[in-house]
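Chain nomenclature is as follows: A, B, C and D, assigned in order of appearance, with residue numbering initiated at 1 for each chain independently.
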Amino acid sequence: MRNININVEHVTRLEGHGNIVVNVKEGRIEECMWKVVEAPRFFEAFVRGRSYLEVSHLTSRICGICSIGHTLASLKATEAALGVEISEQTKLLRRILIQGENLQSHVLHAYFLVAPDLVGAPSVFPLVATHPEVVLRALRMKKLANDLCDIFGGRTVHPITPTVGGFTKLPGTGEIKAIRQRLVEAIPDLEATVALFKTLTIPQFERETEYIALTSDEEYALYDGDIASTDAGVTKVANYRSVTNEYLVPQSTAKYTRNKRDSYFVGALARFNLNHRQLSPLAKTVAEELGLKAPCHNPFFNTVAQVVEAAHAAEELIRLIDDLLSRGLRRENGEIKLRAGTGAGAVDVPRGILFHEYTYDDQGICREANCIIPTNQNHANIQKDMEAFLPLLLDKPEEEIRLKLEMLVRAYDPCISCSTHLLDVKFV
Amino acid sequence: MKPKVAFFDFASCEGCQLQIVNLEAEMLDVIGAVDIVQFREAMTESSDDYSIAFVEGSITREKDIPRLKKIREQAAVLVALGSCATIGGVNCLKNFQPLEEVRRYVYGDRAHWYETFAARPIDSVVPVDFYIHGCPINKEDFVKTVTELLLGKTPETPSYPVCVECKLKGNVCVFELGRFCLGPVTRAGCGSWCPTYQDNCTGCRGLIPHPNTDAEKEVLQKYGLTVEQAVGQFRVFLGYGEVAK
Amino acid sequence: MTTKGLVQRDFQRDEGSIYLPQLARIVRTEQLTAMEKLFEIQLSGARELGHQPGQFVEVSLFGIGEAPISISSSPTRKGSFELAVRAVGNVTRALHRLEAGATVGIRGPFGKGFPVEGMKGKDILFVAGGIGLVPLRSLINYVLDRREDFGRMIVFFGAKTPAEQLFSGELAKWRVSGDMEYLETVDRADESWRGNIGVITTLFPKITVNPMRTVAVIVGPPVMYRFAILEAQVKGIPYDQIIVSLERRMKCGVGKCGHCQMGDIYVCQEGPVFTYATIKDLKEAI
Amino acid sequence: MSFFTIDKKNFPPFLDNVIKAMDVVGVKEKIPGKFEYAPLEDSSELCLDYDVTILPPKKYLLPTRESLVKFTRGENTGCEAVFDGKPLAIVGVHPYDIKAISQLDRIFADQNPDEHYAKRRKDKIIIGSDVKRPYRFAFCGSMKSALVEYGYDLLLTDIGDRYVLAVGTKKGAELLAAHAEYRAATEEEISRRSAIRKSIVASYNENTVLAAYEELPELLAGEAGKGLFDELAEKCLSCGSCNLVCPTCYCFDVRDEVSLNLVEGERFRKWDGCLLDGFALVATGENFREDRADRIKHRLSRKGRYIYEKYGEHGCVGCGRCASACLPDIANPVEIFNRLKEGVR
């Protein structure tokens, strides 16, 4: 009988620090753990005492990769707390921004972080020599998404223009028309991406779990909506705590969550399972071509769902931009009336549903803060998946077990530095 | 012979490393000029044989110090990457609240499991050779610094304030838009990123040499902030320095 | 009050750019001290630079930048010219990494040199502090090569330590030369040093001059000027016969970029050589 | 000097024709109450009823960043000068900015002529426009810059329902002939023009420098104003805004930049400012104008003394941009000159 022990320190090609520990004695699994060891940054603790105008800029620094998501969730929570209404134009601009980030993040994850595993390369850099046209295509699509976020948000990492009630500066119509043209020209790149992913074999593994995502009757929800669960139906964002139920575990500086079962999945696959009927036409055909049918319980298909969402993002962005151009852009600078209050806001960022909640005093100073990020909500599910997946791999060489477990974690596209920055707080 | 380059991070949001990945096609020029041997966020292959180390993030716990010292010993050139590493950045906001209360507030009764001390920039622990400022860094700044290192030139950060770049762009001063800007005492190099989008500069690139911070605080008050609020403006990114005390 | 002769200029003239360097080759290098290195440079076709002692050139290292460097060789020595450079920043350190055969860009000669015509027939007191010897050497060798046109030659040279003495080969010749009275000093001696110890002003009492016939030429670090000029005045040398060469930040060398201004004077155009008379009332000068 | 008249309804078509023929920039409203020079796609974007622009038209003659030399490094090291001049019409330039441009023309042509400036300046067409609304900080009356008689190709004066156009150069006349529907100005229109222009000079009477134009250099001579400049230095941020917005400031830094392959590169110049901390700093660490008070006095001396002593006209055209750009409000030349005048008395 075999002894296996694997200790992957700082799994690579993901954001933040996490370890995989596996210990098998004579074929018996002694230890199988997904440990998160990121340095905690106590984010909520230093948002308190800051003005409502600063909070979204500070919480943006929770995560570099989904800083647009954090900014928008933070603004929505602050606007809910202060009772600020936003215009149709602002909603439209924010939808464009969040689709832009989804496109950028999914292309980065699918091409740069996951594809190397599927073609047996340690990273994207060697692919520059072996598959130059693939790498250039990935870079082109990522540049398009980044440039779009730069135009609409001032900056793709830690955006500048989104602010409470609207935007400090609007993009020019010339810039918008130019980026629209590039989106149209990017469709062939998306089709080539689908063709590439059709040739890659996605590991087969299934484990049924609860899936949670934002949902709305108007659209395939990313920016606005209610909380939907495959096990528990729909509930308002305001009572998000009843869904997340965070708890601490010794092995991780991040907190774990559970709802109806002992873990749940958030992210592209959850959004697909819950809202796939509202996908754009191109996205639906891409799902079919890649063999992704709802409900899908294979966590490795999260990357496939991301490719589907990338196609959706491209088509949706063109539609949203046309809507924006037809309305015409107008300068809006509404006054913000301050009031004491508490409010919660949620958006579905690339890695899953993200909750922010703030309490403000009547001077607009933040007194309490709470953020629950997607990767936090997935830690328990990763742990449960690992415990179910390891037994199927016991006959494989140790190297392959290590790679398959790492690929499992990467499929979730986790953002660990996020998960420990902000930890749920029991109002102690 | 291409110099070997490695990327490391401590307490950070990894936005600065992402900016490097966001160089897109120019990234190919970078890997044409240098050999990236360690970059956990994007690469699995890794080696400890490097001569230039880019270090992102602040030091926030005892456990980080040995790892940072090992990097300093190995690297001929250590470059602090981004505000968390160069000046402490947003992590230092935590330093203004009594440590114990912060840990209890966030971790509740299990606070003792998570050790932490006042967040600090890299050069408060090990000597730093060059700085790439900003939160996030400016992509062109990174390429310029790499180019200058390859040329054997001292990578230069502007010693003049953000106002210079703001005026060169013909921006409307954001003080006239009712905002409170730290541009006059903050190092330029970002192309006055935030004021160009009509938001105020919050000083993420650190103070210029010999800043007249008293005059800046006076200006902030003249435009409507209380003394306490004016000092508070300096705590977002410049919390580690005296100016924010 | 009329605006002086303003005319709407016609900009048709098409000359080259005043910022475009010509390429030149380093033919010889010599490490003078730990910090200073000598470069013998030849223009293409060994063309003469056509400089006066005291003038400078802008040396270009493409990609690094440009730096103003005094011409250290005398125009009487043909075929090439010499620069002596101390490594203090980007351009100067990059220059130190170059060997014979390398290419550099040269612009110039720029500025006004030492008033050699006016010094004919006069006694000359050379006061060289440290790197100040670099531009003065051009004048010293010029006077040596035309020795009969000039009166007495008194050369003071002060260095921090014996190891930092520049052009040691030539100093050895000057110590025994009948053409000049050479006095040297160091701030800090080492065991091999037998000579005077102290700052350069300690050499003044060792000589007597006929003040009306004597021209003092003083070049050194900024801090030295006040004291050396005082000593020259104590000797009775008139203000318009005390000559200095000043350093300022220079980014163009052609009187446009504004960095080298001292009051309303552009050091790169009206200097770097000045008589003390012209700048004694200028607060920014010394 | 020949004068023509163009009815207001014929001015937009004239401008649109010019826009079709060449690149045109003009004064546009950036945000309500703030104006800038920017490309005109259509004559309706032009706004002549403005007080001042954030940056002067100088940026089209001395760009904020301008390549001077292109070079290659390595085996075939080489370099060549970069000259860039493309036809451009600048529309709506106020007299003080026209006077400032004429001064730059002289300075860049003096001693070592700067061909980069000359070539860029050569094919610029300046269509001036007399001031309709004086800027509250402007003091052109005191700086002989309320009106100009040269330095423009065409100069518009609004005399109610039509413009009187003064033709400054052959180029201006040709432009009119090629693109405009216009006629010779009548005596009556010309006299209405000079009446309006007299009122423009008078409109600056509330904001004047007490000392006479020729007296300013004395106010700045020797140790004058020591106490005043020390007081201002306390509040000065050394941000350089007063230099950078000024139409007559032209100091520049020169830097090299190389692409990542370390072969192709360029030497460029970019705007600099004497108020900036490192302006006179050399490699050995010596800063020849370290003290803020000296830097402030140096700027004022450049504006009210040094250029006058060399060119016979002051280096300040009284536009008031530095006064509004200075956050601590210590850069206003009117206040400084007047306090020097009082101090002296």
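Heads up, the rule we're going with is that contacts are C-beta pairs under 8 Å (C-beta built on N, C-alpha and C of every residue); 3 or more make two chains touch, one makes a residue touch a chain.
Keep in mind that this is a model prediction, so the values were computed, not measured.
J.: Out of A-B and B-C, which chain pair has the most contact pairs?
T.: A-B
J.: So which chain is the furthest away from chain C, centre to centre on CA atoms?
T.: In terms of C-alpha centroids, the chain at the greatest distance from chain C is A.
J.: How many angstrom between the C-alpha centroids of chain B and chain A?
T.: 25
J.: How big is the gap, in whole Å, between where the Cα atoms of chain A centre and where those of chain C centre?
T.: 66
J.: What is the distance, in whole Å, between the centres of chain A and chain D, each centre taken as the mean of its C-alpha atoms?
T.: 51
J.: Starting from the mean Cα coordinates of chain B and chain C, work out the distance between those two points in Å.
T.: Each chain reduced to its C-alpha mean, chain B and chain C end up 43 Å apart.
J.: Send over the residues of chain B in touch with two or more other chains.
T.: 151
J.: At which residue positions does chain D touch at least two other chains?
T.: Each of 258, 262 in chain D touches at least two other chains.
J.: If you go through all the chains, which pairs of them touch?
T.: According to the stated criterion, the contacting chain pairs are A-B, B-C, B-D, C-D.
J.: Please name which positions on chain B make contact with chain A in the complex.
T.: These residues of chain B touch chain A: 9-19, 21-22, 24-25, 27-28, 31, 36, 39-46, 60-61, 63-64, 89-91, 93-94, 96-97, 102-110, 113-114, 116, 119, 135-136, 193-194, 196-199, 202, 232, 236.
J.: Quick check: in the complex, which residue numbers of chain B touch chain D?
T.: Touching chain D: residues 26, 29-30, 32-33, 143-144, 146-147, 150-151, 159-161, 163-164, 167-168, 170-173, 175-176, 183-185, 208-212, 215-216, 218-219, 222 of chain B.
J.: If we count contacts the way the header does, which residues on chain C are in touch with chain B in the complex?
T.: Per the touch definition, chain C meets chain B at residues 63-64, 89-90, 93-94, 97.
J.: Once bound in the complex, which stretches of chain C touch chain D?
T.: Per the touch definition, chain C meets chain D at residues 1-4, 6, 8-9, 11-21, 23, 60, 62-66, 88-89, 92, 103, 105, 221-222, 247-249, 251-252, 254-259, 261-264, 269, 281, 283-284.
J.: Going by the contact rule at the top, pick out the chain B residues touching chain C in the complex.
T.: 151-154
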